[in-house]
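Chain naming follows the written order as A, B, C and D, and within any one chain the residues start at number 1.
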Amino acid sequence: MIDVRAGETYGGRVQIRIGFDLSFEVPQPVPMQLMLYVHPDQAGLLRQPERLVMEPVHPVEDFLDWFGNRAARILAPAGHLRIRYDNVISDSGRPDVPIEGLRLTPVHEMPPECWRYLFASRYCEVDRMVHVAWDLFGKTPETWERVQAVLDWVHGNVAFGYQFARPTKTAFDVYTERQGVCRDFQHLAITFLRALNIPARYVTGYLGDIGVPPAPNPMDFSAWAEAYVGDAWRVIDARHNHPRIGRVLMARGRDAVDVALTTSFGSTNLTEFSVWTEEIPG
Amino acid sequence: MIDVRAGETYGGRVQIRIGFDLSFEVPQPVPMQLMLYVHPDQAGLLRQPERLVMEPVHPVEDFLDWFGNRAARILAPAGHLRIRYDNVISDSGRPDVPIEGLRLTPVHEMPPECWRYLFASRYCEVDRMVHVAWDLFGKTPETWERVQAVLDWVHGNVAFGYQFARPTKTAFDVYTERQGVCRDFQHLAITFLRALNIPARYVTGYLGDIGVPPAPNPMDFSAWAEAYVGDAWRVIDARHNHPRIGRVLMARGRDAVDVALTTSFGSTNLTEFSVWTEEIPG
Amino acid sequence: MIDVRAGETYGGRVQIRIGFDLSFEVPQPVPMQLMLYVHPDQAGLLRQPERLVMEPVHPVEDFLDWFGNRAARILAPAGHLRIRYDNVISDSGRPDVPIEGLRLTPVHEMPPECWRYLFASRYCEVDRMVHVAWDLFGKTPETWERVQAVLDWVHGNVAFGYQFARPTKTAFDVYTERQGVCRDFQHLAITFLRALNIPARYVTGYLGDIGVPPAPNPMDFSAWAEAYVGDAWRVIDARHNHPRIGRVLMARGRDAVDVALTTSFGSTNLTEFSVWTEEIPG
Amino acid sequence: MIDVRAGETYGGRVQIRIGFDLSFEVPQPVPMQLMLYVHPDQAGLLRQPERLVMEPVHPVEDFLDWFGNRAARILAPAGHLRIRYDNVISDSGRPDVPIEGLRLTPVHEMPPECWRYLFASRYCEVDRMVHVAWDLFGKTPETWERVQAVLDWVHGNVAFGYQFARPTKTAFDVYTERQGVCRDFQHLAITFLRALNIPARYVTGYLGDIGVPPAPNPMDFSAWAEAYVGDAWRVIDARHNHPRIGRVLMARGRDAVDVALTTSFGSTNLTEFSVWTEEIPG
């Protein structure tokens, strides 16, 4: 098997099977927002049209949110609700790589639409972390190395564990508790970057163990991030902090608030959950 | 003089002179975002084209942000910077009035673009205030009365004082400290409303003492809010909680992060500040 | 079996076997504080002298802390450390009962040493909860009913679950998240009570399932509290909110900071943990 | 005039006049705790017996709190309340000096009563600052230099300003906002020290401008701290971070909660306030 982490590279495109199977108990009808599609930027690489299969059959209203994500909304009926999806996507096989020496774009040279990703958001209290960020990273060069220093710090100082997840956890909490899940790693890195005047946004998607040893945990959706460096958005990932292939983008936003996979405006219970992301051999 | 608070109403349109004069000391060149224009929704009512007069003369780049606000950005030069604006706007003379009995729009009937104003944001920790909101307001009718109950509660339980302002203050802080400036009143009301599944957004603008006794403090910009009720956005104001005329809209956003009048990506000192909003007699 | 919750009462004293068996991995020598003895107020009811059995054998220095608790301290050696304790205590068999109509002692009539239990502490942010407490409970009578209203509110509004525990969780967090373990229930109740000028202190001890149906979870130490009402300290328990017998007191303090069962000034890992609290038949 | 900051020293004892004059409006009778005496450790140096002069004349009950401070309590009557105090104390004339190279006492060698000053308290969230403290100071030597590094960091990174005071502000807030009054400087330093296993306690007292240029602000009470180093408690002061003479100790505690100069269990308004601390010439 190719080992991306050892520097080996795929010779060409990779076919990845992606999908999920979610079940909910819904005590009474409740509106839900679903961000469960592949992002329009990558949807052209899918083998089949996208479809959320609902049981019971139920109308789904699609819309583009203001970040450009494809979202859906439903009025979930009371009772058991199952949502499934299955597809195959063609991935470039190229790992995201850090680009040493790349210049940080000065704030006044960025397109205005980058600025929104410099501001504070629910889980990224930029205003409270400015001093800390400059204390830690103010002496790094004004290049990709500053971004890398942030990623290295977060990766090196925060311990991963599913038991550390909680819905109200912010970047600030992660900074003091030094524990979290992938969402928490990204929130802290994003907050540091914004405080350093580097636009950063939060991303959700599929990230399978392709080209890396399989993880012991059941497959889950993943979170990573993007930073605006050298006049373009670049993938970053404080959780793994290592080049990966096979990132399938679902949604981008300011932080996890904007791109929750499902948001219920009322009570629902997730009763079953499985996700798959597997390389299709051949 | 007409006294709006006593139920008297203006017979027709009112001409209002608006403007400001701001001075900054800028230690070294710094990018700034300025949200100092009248909002496009009301700009058609201005007597003259809008212009930010800069001293020294300096290029200004205008853009529309993703909320539809007209914003400007500059690379402020080192030294003294002065920004002035003066204009006259024609106001309807009609006060914003509560609409008793108006139905709350169910979440699944709202246009999708309302949903973004149901989510948590930096200063509006909806996720932490859900239980409190339902404890306090869960038994009110599903009409405008629920909105009014929120406004009455915030207005009646929070004390106003300029000394209570601080940049990191959130809705949650306001709820426990019960003190704040107009921004804080609105953040708390917005957070309660979102927790109750009523979209709410934050607004900045001019609000002069028109039809009300003059306030003792020097004139300042103001903040109010909008709630989506009865299939439309309605003005709300937990700070004054009384019908007013002459609200001149500048910008809308999720909370104060999005619509700060000036945002500096580096150090600046505001050295002088005056704002005017006066009815032009005749 | 006697069922205390059904109103049945024990005819007389009950013998309870208590003890624990704890194991730690200690990477390098670390000072530890142990609050693992029965409190001096109840130690006279023990069948045998108290002894912490250490493996390896290790000197233990006992002391009384400033709350009057009996504590021990050790310099834990590197390697495996095991601490055991086993004893039998004679309990009155009388449940703690609410005392309806009992007058709240006015602040200026309390002994000065009660006042320390009116102040804020690490996990009990009284200063931030004063307004909330008076909103919720200000109209209750100035008797035991006010205490009972606090206990009922906390018991009824907070969901119990071991997965909700975290070391930094404060009363304020519990109030907004509405989830927690027994420590969290008590912290919130204590904070409300202090805000209402009722002294309240935090208690740790053994609480077995005596006279109540056995709980499904493995036995653990428990936390409850005491409130100063009617000129005396009274047992309260927002977690169970029902009369119980067989509370074996270990330590009292302002909150969980003061009475942690073990506190390590450096790194240790708890590897095994069992606690027993069983009625001895006959 | 002797200038202590320039290294000049007083040849001998200094006589200092101390006192205050406080007025309150009291809407209805309210219990108050007053920590307005000189601490028993220094009371032997006073020229006259201590007396709180109350207008109207009112009974005062003195007591020692559990930290060993002399406190008073009253049931303040409704109406105007004035409390005055005036005295002269003899000061050693010796500045508090850092003691380079002094060994930090290992935790297990300290007397047990030091340990209470290692724990978290309301305004000193040690549990949330452990990682930050070790990041910043973990490489300093295990001597007085570690304490000095903490004082230098706090002194150098926090800006002083009366407008930055607020009652709920914690060490954690100071760390992120980098602004505060003397209380805030000490809370942050104390929290870092405890996180580093160095006992630290909070102190209030008189600190006049003796041997230093007069400050521009009206005289106020002051706060400093004490750290346990080299087997004894030593004065530290992150606010001034320079040797001073003439510290008149009033009260010690875990943080500002324990030693508030006045605590009201109900509503009172401070209407007038003056404090004096002057060297008596000759």
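Going forward, a residue touches a chain if its C-beta (ideal position, glycine included) is under 8 Å from a C-beta of that chain, and two chains touch if they have at least 3 such contacts.
Here the structure is a predicted model, which is why all the values come from computation and not from measurement.
S.K.: Can you tell me the least number of steps between chain A and chain D, where a step is a move to a chain it touches?
M.R.: The distance in steps between these two chains is 1.
S.K.: At the place where copies chain A and chain B touch, is the share of residue numbers found on both sides over half (same) or under half (different)?
M.R.: Mostly same residues: over half of the interface numbers shared.
S.K.: Can you give the whole-Å distance between the Cα centres of chain B and chain C?
M.R.: Centre separation, chain B to chain C: 48 Å.
S.K.: Quick check: how many Å separate the C-alpha centres of chain A and chain B?
M.R.: Measuring from centre to centre gives 33 Å for this pair.
S.K.: Taking each chain's centre as the mean of its CA atoms, how far is chain A from chain C in angstrom?
M.R.: Once rounded, the distance between the two centres reads 42 Å.
S.K.: If a residue has to touch 2 or more other chains to count, which residues of chain A qualify?
M.R.: If we look for residues of chain A contacting two or more partner chains, we find 128, 168, 176-177.
S.K.: Would you mind writing out the residues of chain B in touch with chain A in their complex?
M.R.: 31, 33, 61, 63, 65-66, 71, 73, 75, 106-108, 112-113, 115-116, 118-122, 124-125, 127-128, 167-168, 197, 257-258, 263, 265-266
S.K.: Which residues, counting only chain C, touch chain B once they are in their complex?
M.R.: Contact set of chain C toward chain B: 128-129, 131-132, 135, 157, 172, 175-178.
S.K.: Can you check the complex and tell me which residues of chain A touch chain C?
M.R.: Those residues of chain A that touch chain C are 163, 166, 168, 176-177.
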